[in-house]
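Chain naming follows the written order as A, B, C and D, and within any one chain the residues start at number 1.
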Amino acid sequence: MAVHHDAHKDHACLTIHGPDQAGLVAAVTALITRNKGNIVTLDQYSSDPEGGDFFQRVVFHRLDLSAAMPEIEADVEKTLKPFGMQWTLTDQSIPKRMAILVSTSDHCLLELLWRHRRGELPVTIPMVISNHTNTAEDVRTFGIPFFHVPSQGPDKSEAEAKILELVKDNVDFIVLARYMQIISEDFLDKVGVPVINIHHSFLPAFIGAAPYRKAKERGVKLIGATSHYVTKDLDEGPIIEQDVARVNHAMTAADLQARGAYVERAVLSRAVQWHAQDRVIRKGNHTIVFTDRP
Amino acid sequence: MAVHHDAHKDHACLTIHGPDQAGLVAAVTALITRNKGNIVTLDQYSSDPEGGDFFQRVVFHRLDLSAAMPEIEADVEKTLKPFGMQWTLTDQSIPKRMAILVSTSDHCLLELLWRHRRGELPVTIPMVISNHTNTAEDVRTFGIPFFHVPSQGPDKSEAEAKILELVKDNVDFIVLARYMQIISEDFLDKVGVPVINIHHSFLPAFIGAAPYRKAKERGVKLIGATSHYVTKDLDEGPIIEQDVARVNHAMTAADLQARGAYVERAVLSRAVQWHAQDRVIRKGNHTIVFTDRP
Amino acid sequence: MAVHHDAHKDHACLTIHGPDQAGLVAAVTALITRNKGNIVTLDQYSSDPEGGDFFQRVVFHRLDLSAAMPEIEADVEKTLKPFGMQWTLTDQSIPKRMAILVSTSDHCLLELLWRHRRGELPVTIPMVISNHTNTAEDVRTFGIPFFHVPSQGPDKSEAEAKILELVKDNVDFIVLARYMQIISEDFLDKVGVPVINIHHSFLPAFIGAAPYRKAKERGVKLIGATSHYVTKDLDEGPIIEQDVARVNHAMTAADLQARGAYVERAVLSRAVQWHAQDRVIRKGNHTIVFTDRP
Amino acid sequence: MAVHHDAHKDHACLTIHGPDQAGLVAAVTALITRNKGNIVTLDQYSSDPEGGDFFQRVVFHRLDLSAAMPEIEADVEKTLKPFGMQWTLTDQSIPKRMAILVSTSDHCLLELLWRHRRGELPVTIPMVISNHTNTAEDVRTFGIPFFHVPSQGPDKSEAEAKILELVKDNVDFIVLARYMQIISEDFLDKVGVPVINIHHSFLPAFIGAAPYRKAKERGVKLIGATSHYVTKDLDEGPIIEQDVARVNHAMTAADLQARGAYVERAVLSRAVQWHAQDRVIRKGNHTIVFTDRP
């Protein structure tokens, strides 16, 4: 659970995906051994041993990792090329840079800032961007820069351009922590980093606006929250994590919203943590998530 | 949790719903007192103290209840008429008669039979009806009559007519324990008793056929089950109970189905228990459920 | 869930406990009716209809409650005296005054302050007292007074005397939000208000110090947290709320502690909310908790 | 979740534990590759990369596994000897043989029989043994032999001798599915196979007899169940799995027992499944459990 950056000194994470083939795991582990690595955790999944897709995440310890990275990368490329695999190799002691976009609701934002301060999220937070100003003081109390980018009227292109300017080359991923603006396809194309959203329903139920009101109208006995990668189709991107909470007839839509806030902050926190730890591999509209859930 | 019928000797359950008004609760409790009852549990809910709907469930103990019932009923009618309330009064020592309809999947059926045998469901089970024969032996081992009513081809009217004949005046409610046939509006009109279904998804997600396959395709991280009263609109009736279980990328649609079976049997059992204990009041497409959940 | 103080205008809460007797509920509801109240929620529990203890919590709406309180109180006393019942009557629009005592761990403290700021805890917080200073800035950022009362050495009498001075007549209850000092029997006698503690284990397992280390040593698969009223016997007071989280072999004692922090903050928050809403009645070493859990 | 034996054709499971060393994972995967295996799942855990213990479970697919087993075993022995590791190698298509011992309570027994019939437990059940006869008919309905071994009076040696005779060389492990007799150290020494128990509390709380009564007396808000390997110290053996359910003040000790039965049957089922799938490795009084929990 807890993430201590210094504990990640000299730890690398290798993720792999591509066509499943015999000998792949052996090739990878031999690779790690000859590069003086010691495997710490290894997760893998094959959608079908014959003709399916293969996914793997290996964390290994290697003394003086930083100096050896170029050499290891070259060896990974050489080793995995014949298998036709995609791969990433990251130094686990280097936290990813995360921008948070938020509107007026602060519960997801504060949970992320608080977990970050406790050392439980392996990220740095170079900026929080909001189309409102109500969270500015809280954000700066945590020692984090806050930028106000208003977004009024139907044309969002100016606001998106300003956001792009701020995040470009400065962040490794973006979190929409209840950012109540629709992101354009154009923005997604240009930003070039993953964007993670929290939707306040158990998708695919209650897609779109006002899910708590819709949940009240339908009379469901559980409400939920869903964290997913943002794609051009609203609320249709690959799901990373979901959870629910029990509700009853006596709760108003406002009560559902208040209760749901606790589900949202927990679900988004887990999704962010897993993404930051390279535990999530995307494949089409699905995710393979090698969680640390006990 | 446990339901001991003898423990329910001389216990009555009064449910009430209608327009909320001052003095209603006092009128009801005075009524119970003058009829020599002692309130055991009392639950109530008002959708709005001013102009809303009022729902109440009171269980009270009354020596020689059975002999006094006609007199109490008359007093309830006289007392509640001025308030314009609907009401039911039941002797809790008289179990409701429940018919179970099932196709080939036996997990919900067996869970109900097993809980019934343990004395945890306050019902009698005069019959199990199936369009298949594979569960006949199991059902009869529990000492319960089994009727085979085949239902092939697109025209279900003959099968429905036979089922109507069997259940008419013999049961107080019907449970579809994974009965994979669509019930016609005509059947619902004629049968005149509540029909409870278990749907193998977290409604309103994955309405209709093959929800586990659809869940796999969407890549959800939780699967669910929903028990609801059957109305003419498929999977749209008032929800009684729902629950979920966690799943992941490595589970096939068949794995989801196997895992989901445990959610289905638990959700349906709770819905049946609460219905049998007069804990569920229907209002439009909603339910007010005064659960015994701790 | 959500608590909006203005929504509690003109709402009173009456709690009752004593020997169960026929006519009690009717007497109480008649009482409320003749005092022009309209019952909003009513919960009750009898340990045994014959010779047991009776517990009830009624919330009722009454226009101009504040002006009518003395009159209603007199009527309650007159009505309940013949039944030999203990009772409390509170105006729900007047929040209870809560002092928080804390040592260095901030997770429970911040959760309470944050929920309070969101309007979800019906309390005021006149002070936070700590034997350390690390949380001072955070507390004051929330606009709440912080007092540093050092507590070094084996003799705690001086520190306790200072705390008594601060809280005396200023608070209605005290919360130990991970206050790592043993409270003396003498302090409990003198302070005269309830004291709520959070213990970082699933009591009665792992009483006393270092429960996460003990949990790791025993190899349990779940860890827990317990909120209870403080009595002179360490970790033996009446339990208000408990919950657990799943852990596994790979987690260190430090991981258990990090994971457990999330259970602690949730459990303590619920206990505080229920206490503040007069949902908890103590009887010997037990609690009767009329929760708002759906 | 679902276990289909035919799906396990040509699948082997290798478990390893011993001192952690660099090169171990590479040696194992190279071993599997040169024996023409394709790794399906791999889990591992190291208590400390420097000087700690290493645990691994690998499932691999190998055409014509059965014929190749002796050769693979020899290679495993030769490969792992230099590392000083303990290991097991099992053919996953060969189910383990499980004896069930039970007294009068049937809920754990029936759950195991029912899951077995659904093909979800990778075991055969050569016998059920009871010191009572009430479950005999149910057991035989499932097509499983039932043996009655009475166990009256303080001296259990005769009963234990009879049980030993029945199970000796006929079973691979024994499950105490609410067998209310204390097992002697002598029996454990002689039987030579693992014995799994279900205890009806959240250990280490409420060790010994009547845990539900003790839970009621303490006023806990959750009850639990624990499945563990039996050792000579009552309720002190290595824990495999635990879970809890919420209870409240209104529930009697009998209610707790009825509610707890559902926790017990789920917890024991998971423990049995994981043991049968070689997912559990014992180390002193701890278990390393490579669960299939999503």
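Some notes on this structure:
Everything that follows uses one rule, which is that a residue touches a chain if its C-beta (ideal position, glycine included) is under 8 Å from a C-beta of that chain, and two chains touch if they have at least 3 such contacts.
For each chain, UniProt lists the protein as follows: A, B, C, D = Formyltetrahydrofolate deformylase.
In this text, all values refer to a predicted model and were calculated from it rather than measured experimentally.
In terms of residue-numbered contacts, A-B and C-D present the same interface, as over half of their contact pairs agree; the other options in C-D, B-D or A-C do not. Chain centre most remote from that of chain A: B (centre = mean of CA atoms).
Chain D has its Cα centroid 37 Å from the Cα centroid of chain A. Centre-to-centre separation between chain C and chain D, using Cα means, comes to 41 Å. Chain contacts: chain D has residues 221, 248, 250, 293 touching two or more partner chains. Taken together, the chain C residues at the contact with chain D in this complex read 45, 202-206, 218-222, 224, 238-244, 248-250, 285-289, 291. Listing the residues of chain C that touch chain A in their complex gives 1-2, 107, 110, 114, 118, 120, 141, 221, 246-248, 250-251, 254-255, 257-259, 293-294. Those residues of chain C that touch chain B in the complex are listed here as 22-23, 25-26, 29-30, 32-33, 36, 38-44, 46, 49, 61, 293.
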